[in-house]
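As structure tokens, here come the structures.
First subunit A sits with subunit B, and in the next complex the same chain sits with subunit C.
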Partner chain A sequence: MDEDYEVEFVERGDRKALFLVRGVTPAFANGIRRTMIADVPTLAIDEVRVIENSSVMFDEQIALRLGLVPLTTPPAEFDEDDVVTLSIDVAGPATAYSGDLVSADDMVQPADQNVPIIELKDGQRLELEADAVLETGKAHAKHQGGVSVGYRHLQRVEVVGDADEFEESEPNIVRGVVEIDGELVDTAEFDNDLTQKFPGKEVAVHDVEKAFVFHVETDGSMTVEELVNRATDSIESRALELEDAVSL
Partner chain B sequence: MMVPVRCFTCGNVVGEHWEEFKARTREGDEDPEEVLDELGVDRYCCRRMLVSHKDLVDIVSPYQ
Partner chain C sequence: MELTVTENLEQELRVEIAGEDHTFMNVLKGALLETEGVAAATYDVNPEQSGGQTEPILTVKTEDGVDPIDALKTAAQRVQEKTDAFRSAFEQAA
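And then the complex of A and B:
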């Protein structure tokens, strides 16, 4: 790699971020995207031992709902075969929420507290024990840490002259983040329509070489920063594995 | 029967917002569009999960 990566954040939150990366090839950008979706392991409930379930839902339906609840997964603390036990015990009339899950490990907690699991009527009860395991998004979507991960080519907008005076005006739509005079501008600011930003002007839109705007959201099991770091770590470790295998 | 935990299409956790959405739009009289915007449910795949949901626990519970 002869040039350095340059990263610039447009929006930065714990669960959602928008950032521009320069100096990255389309193949590598897609590699990172795919790794974030399918190859970063997260904890999720995989097996349940039901002690009592007199609710209106079957055991396996409850198990599916519990599995989809994101659990916080601290980096480098867990290995492939580790199991974290969680339990829930709610008696009706009440609603069992994800926040009612009691974890045996303080580091592993439901990322969202208000997801309704099942509404319990008078006399109904839900008591069970669940095992959370570390797996990747490849194995099951509940282990997918990245949600709606994607990227766009960065586009540069330039004013090239005045529009023809009697020309029929048509909207000129761009999406995401564009570069105007070296500044990054969110297209939502001008309703995604360049004719609103530059009325009466003729504009040219070009793709910027090797620059991509990533949109990354997580389900709450880790921050966006951790997700991106662990995705790149995963690519690195597999590249090293390949290197070892080739250079016998 | 119960609100889906995640959006079927993108996997975003939508169950988290159900109770507030229900209280404000079904039981209150706020505009669902504005409530969803405020809750941060931006994509239309996630929005339809909440807009088109109906709780059925009350309907099936007498037949247990």
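And then the complex of A and C:
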């Protein structure tokens, strides 16, 4: 059987994208979605060596917060056992931000500079060294590259006639991206309400088979494109492993 | 991924695929059901808290004259065809 897939971007940014995929089965779409969330590894701080922590928080609490700071993870540069060391040294009165983290590796930086870690008062100080490791979202949510990944069935909207003149009009809500006359339209354009787009008309809404609109947001550790590609690679490598295992 | 065959009959195969979850198993099951000669394909997996068998167990039943192991191999290739097609479609759009 021939696979005939088609991808079309609706919205495209580094960290957030919306794209339509035609031709995939629900099982495959869900496989890609789940892989983006749980099986694409990213770097995150996992171990902390505290030199001085005179802040109001326990070391463990600081460590948890540091772990949740997204770190840029360039593709194919790191292996499962690699460790990247970062350090931070902030003396109060000041707020320690993720941007104060100094990385030993230029490729690995906090994805956002302005994540507050802790507010330090006069005389308080935070100085520590941290080790970032590569893991998957399955192991801990801090390693999740995709933070908001989902898909909707593409819906096709058709005008089928005029609405009943004397019927009280009720809102007809659709969400996401719909197909109207072969065009992809963001439903936010008409306030998600089909009665605003087609006043006085009766419309029919149908699911388009094998067409899914993906919404992918990353935490900044990689771009949407990289995340999708790495998710695809992950499924492919598992299928290859299975093929090798049964071809004895 | 570690395979343990628990039943290997002429038209039925039952194999435990350790280390996998719904993510891959459902894709594989979907591909198996699209494979010619496969009469039935399913997998069973229990939640971690259940305390019992938590690795997924794949069951494949085939029609006359089709080796279930061959069917599984074909399905694994099919998954790769799908990922290939998806990757090139995505790259084309990107």
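A few points about this structure:
In this text, the second predicted complex is superposed on the first by the 246 of 248 C-alpha atoms of A that agree within 3 Å, B and C clash if a C-alpha of one lies under 4 Å from a C-alpha of the other, contacts with A are read in each partner's own complex, and residues count from 1 in each chain.
Rule of thumb we're sticking to: a contact is a pair of C-beta atoms (placed from the backbone, for glycine too) under 8 Å apart; a residue touches a chain by one contact, two chains touch by 3 or more.
The structure presented is a predicted model; accordingly, all values stated were derived computationally and were not measured.
Superposition of the two structures on subunit A leaves subunit B and subunit C fitting side by side, clash-free. Applying the stated contact rule after C-alpha superposition, one finds that A:A38 touches subunit C and leaves subunit B untouched. Touch criterion not met for A:E189: it reaches neither subunit B nor subunit C. In the superposition on chain A, A:D181 makes contact with neither subunit B nor subunit C.
By the touch criterion defined above, A:D79 lies against neither subunit B nor subunit C after alignment on the C-alpha atoms of chain A. By the document's definition of touching, of the two partners only subunit C reaches A:E236; subunit B does not. Using the contact criterion defined above for the overlaid structures, shared-chain residue A:D106 touches neither subunit B nor subunit C, since it reaches no partner. Shared-chain residue A:E168: touches no atom of subunit B or subunit C. Once the two complexes are laid over each other on the shared chain, residue contacts for A:G220 go to subunit B alone; subunit C is not touched. The superposed three-chain arrangement places the nearest Cα atoms of subunit B and subunit C 19 Å from each other.
When the two complexes are laid over each other on chain A, subunit A has no residue in contact with both subunit B and subunit C. Residues 1-3, 5-6, 10-13, 15-19, 43, 55, 57, 60-61, 64 of subunit B touch subunit A in their complex. Here subunit C touches subunit A in the complex through residues 1, 3, 17, 20, 22-24, 26-31, 34, 69, 72-73, 76-94, going by the rule given at the top. Subunit A meets subunit B in the complex at residues 54, 56-57, 65, 68-70, 98, 111-112, 114-119, 121, 141, 144, 147-148, 217, 219-220. By the touch criterion stated above, subunit A contacts subunit C in their complex at residues 1, 3-9, 19, 21, 23-28, 30-32, 34-35, 38-39, 225, 228-229, 232-233, 235-236, 238-243, 245-247.
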